[in-house]
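You will see two complexes here that share subunit A, one where it goes with subunit B and one where it goes with subunit C.
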Partner chain A sequence: MSYYDIDAILTDAEKIPCTFQIDVPDLGYLDNQPGHTLKSGSRVALPIWLAEMLAIANTGTIDMDDPSQSSKSFITFDLPPALGNDVVQALKADPRSVPLRDQSAHFYALATHMMELSEEPELSAVLRKTFVSRAAEIALHARKVGGAGGKGKGKATKDDNASNLGVGGAGEDFLRGLDEWERKLFRCAHDGTKASKEWMENVKKR
Partner chain B sequence: MPMYGDLGNKLVQHAKRTQNLSHLPPYQTELVRAVAREIRDLDKDVASLLEPFQGSFDPSAEQATACTLLVNHLSMRRNKRCLLAYHRIRTDKLEELVWNGADILDLAGQTTGGPKGVTEGNEGGGTTSSLSPQEEDYFRQFGDLLALYKGQWTDIDLTGSLEPPRDLFIDVRVLKDAGEIQTEYGAINLTKNSQFYVRQGDVERLIVQGYLQKLG
Partner chain C sequence: MALPLPPGLTQNEVAFLAEMEMVTVVPRQRLDSIDLLGGKTPQLRPPHRAQLPLWLALLLKKQRRANIVPPAWMHPASLAEIIHRETKEDPEAFSPPPPPPSRALYSQPGTARRLNPSYVDDFTQTQQNSQQDPNSILSPPFLPSNVAESPAGYLPYHWLEVAEALLTHAGDDMPAPAGEVRSLLRDLVEVRAAKMRSSTSALEGFGDAYLTLRGVGAMELAENRAFLAGLVDGVRKIGASAEATRREEEEEARRGGDYGGDGDEDSDEDMGL
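After this line comes the complex of A and B, so read on.
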């Protein structure tokens, strides 16, 4: 993940639910109330680029009598709804039937980022399984789209039609639900199939 | 409710779109200015917040102020990242265009299409350049740099086609007047709509620049 990576920057703009731990007079605008004090306990959705540092930075209090108070953060945060229990349960049931894009366009990037910030062993296991089973499906679709694209010259029509059976509408819905990372995977698989097909045709010509 | 960093985000979304285009969309002058203005405003806020402390600010004593300062600082840092990423995407694209032999005049009036003949109907406003003045400078100077670099090897054309030619000679049609060129077999005057049988190596640059069209 580079500083200049566009997708990383867009991922950092995803909002996560945060709770302020102190009163801040000047930040009312974050809670749609400019000019008012942002009260301790207010729940506000903040972009990751802001929430991350606010949660890590401690307020600098060193209280000798009560050490538990000494490293209080400005805010605490929770997992965004995109990674909430509903979604995790749905992914456990059938990873392929969840349109990840509706949760977040950068679903996996968001999840990895969140896992860097807090320990979520179960989420990590679920996501790994999700990616693996979806990746297989993506690879399948990528190959079929290449064949059905109809850019081929003549012959291959019969075979392609046959292999496209059952992919129809459901396939389109699945592809629409891919997150940004999966889309890249799809593009790679698709371009790879196409390129090797072209190469094979050229070899035959010579 | 608009928030600090929203404009920067818009800029990055522009950059995202630019990544998938073959041409360079118009420079977002207004947006860039607005983001820079936001940074200056935030900086002013920080200065006025710190002013009463006269350089002896203690974050643990003034937690609320420390929090505001952090938010302001992070917003500035975010905006900076958005600005840099936006410009970097564009300069990368410009360098690619220079390597491909694009002409700055083609970029300036991108109505008939990009350097590779990509037709773009939605750009409109043919007289305005899609490059900012600084970008035009960058483009020119990078071109000079590339020429200097290429000059070290007179035998090899580093920007030449990577495809091995099938024939030494090819038929070309002239799309734009390109004036007279010198070849091993004498001078040819390239006037619009004429057709020639020439050595590929002699006219490769002109094809890339869109003056000539390869036939057959």
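After this line comes the complex of A and C, so read on.
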């Protein structure tokens, strides 16, 4: 993850549900109560970069009366709804039919970040299966879109844009549901196919 | 970021490298040996076959000074056999690369051994005086796998590039009508591209997280390199945290064995209070 990686920055701005463990004076505007104290136990969506810091840091106070109250972290956080149970169940059922972009534009980046913060062994396995099986689909579409298929050589490029060899409407829905990682994969696959096609056509000119 | 090219070779670079492949020509005119940087080319005497690099063979072909003998694997029967193997016999794997040349000694029949470049061709022989060196055994990408004697039924590393070049510039030298060879070649390209896509499913489960790319040609690699690398990298990132946890647990188990118990953490907490 590079310092200048725009996707990493955008991923850090994704909000996750957090629960405050302590009262914070004058922060009530986060919970639609300007001027009031933010009560402990109130749930607020915070961006990851902030939530991570608050969850790791602790108050550092020592409460002699009640030891359990001392040194607790400011907040606890849950998995964002994009990685919630219903999404995971849907991915288990059929990875290809879930538009990941609707959940989050940086779905996988968000998921890996969350898995770094808290351990989710099951989530990791589900995501891996999702990523791989969707990648095969992406490769297929990348070859067909724009008439890049091996058979349509030379003349029929314009017509192929429309036909797409049977992946038509459903394919567009699928491609719209790709998250950023998958879009990059799509671009890679598409560029590769396109370059091969260009080379094929150039062989004849030399 | 400065260089807009993706890592690895582009298709044009691969095709350029493929022009180093040796092919067999039947010269029509006499031509003396040419002293090139890479060594001397063999003398061309009309009825005798000779082996030249592809670029020189294509040049001579365009000037009508030579005919190119297509490699045996480009024969329609050979291509059909490969397609059959790829689709019916083994629909999972790519067809294997050509075997290294081997031949039994006269004195010991039945004991085929890998052969030294002495088998190879005049061009590389004159190029290296050390052709008798037993260490310089050639392995597949450097085998003369596109000469007329190369084995049928195996696709060499540069199969697509060489076949395209030969079909385009030496279509009249083909053993069958060029259109027939070309359509078989198109089928093969499609079959293998589909196989390349389905091969990614090997990454789905934990444990066997690798892709087998044995027998994949240079041009196919150039086409799929970015996609496959991105895919494997994504799988790595998704599994990174689980992997880190697993390693920690292993480390913990190893240390736990040494010190006998996990008393460290408890004592730390006591200190805090």
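As a working rule, the second predicted complex is superposed on the first by the 176 of 206 C-alpha atoms of A that agree within 3 Å, B and C clash if a C-alpha of one lies under 4 Å from a C-alpha of the other, contacts with A are read in each partner's own complex, and residues count from 1 in each chain.
One rule holds for everything that comes next: contacts are C-beta pairs under 8 Å (C-beta built on N, C-alpha and C of every residue); 3 or more make two chains touch, one makes a residue touch a chain.
As the structure is a computational prediction, the values presented were derived from the model and not from experiment.
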Superposition on subunit A - do subunit B and subunit C clash or fit: fit
First, second, both or neither for A:Phe74, with subunit B first and subunit C second: first
Winner by number of subunit A residues touched, once subunit B and subunit C are compared: C
Touching partner for A:Val24 - first (subunit B), second (subunit C), both, neither: first
Touching partner for A:Ser124 - first (subunit B), second (subunit C), both, neither: second
Touching partner for A:Lys184 - first (subunit B), second (subunit C), both, neither: second
Superposed arrangement, angle subtended at the Cα centre of subunit A by subunit B and subunit C, nearest 10 degrees: 80
Touching partner for A:Ser97 - first (subunit B), second (subunit C), both, neither: neither
First, second, both or neither for A:Gln89, with subunit B first and subunit C second: neither
Touching partner for A:Ala13 - first (subunit B), second (subunit C), both, neither: first
Smallest separation in angstrom, by C-alpha atoms, between subunit B and subunit C in the superposition: 8
Overlap of the subunit B and subunit C footprints on subunit A, listed as residue numbers: none
Of subunit A, residues touching subunit B in the complex: 3-7, 9-10, 12-13, 22-27, 29-30, 32, 47, 49-50, 53-54, 57, 59-62, 74
Complex contacts: residues of subunit A adjacent to subunit C: 67, 71, 108, 111-112, 115-116, 119, 121, 124-125, 127-129, 131-133, 135-136, 139-140, 142-143, 150-151, 181, 184-185, 188-189, 191-193, 195-196, 198-200, 202-204
Residues of subunit B defined as touching subunit A within the complex: 1, 3, 5, 9, 12-13, 15-16, 19, 49, 59-60, 63-68, 70-71, 74-75, 78, 81-82, 84-85, 88-89
Sites on subunit C touched by subunit A in the complex: 6, 10-12, 15, 164-165, 168, 186, 189-190, 193, 196-198, 200-201, 203-206, 219, 222-227, 229-231, 234-235, 237-242, 245, 272-273
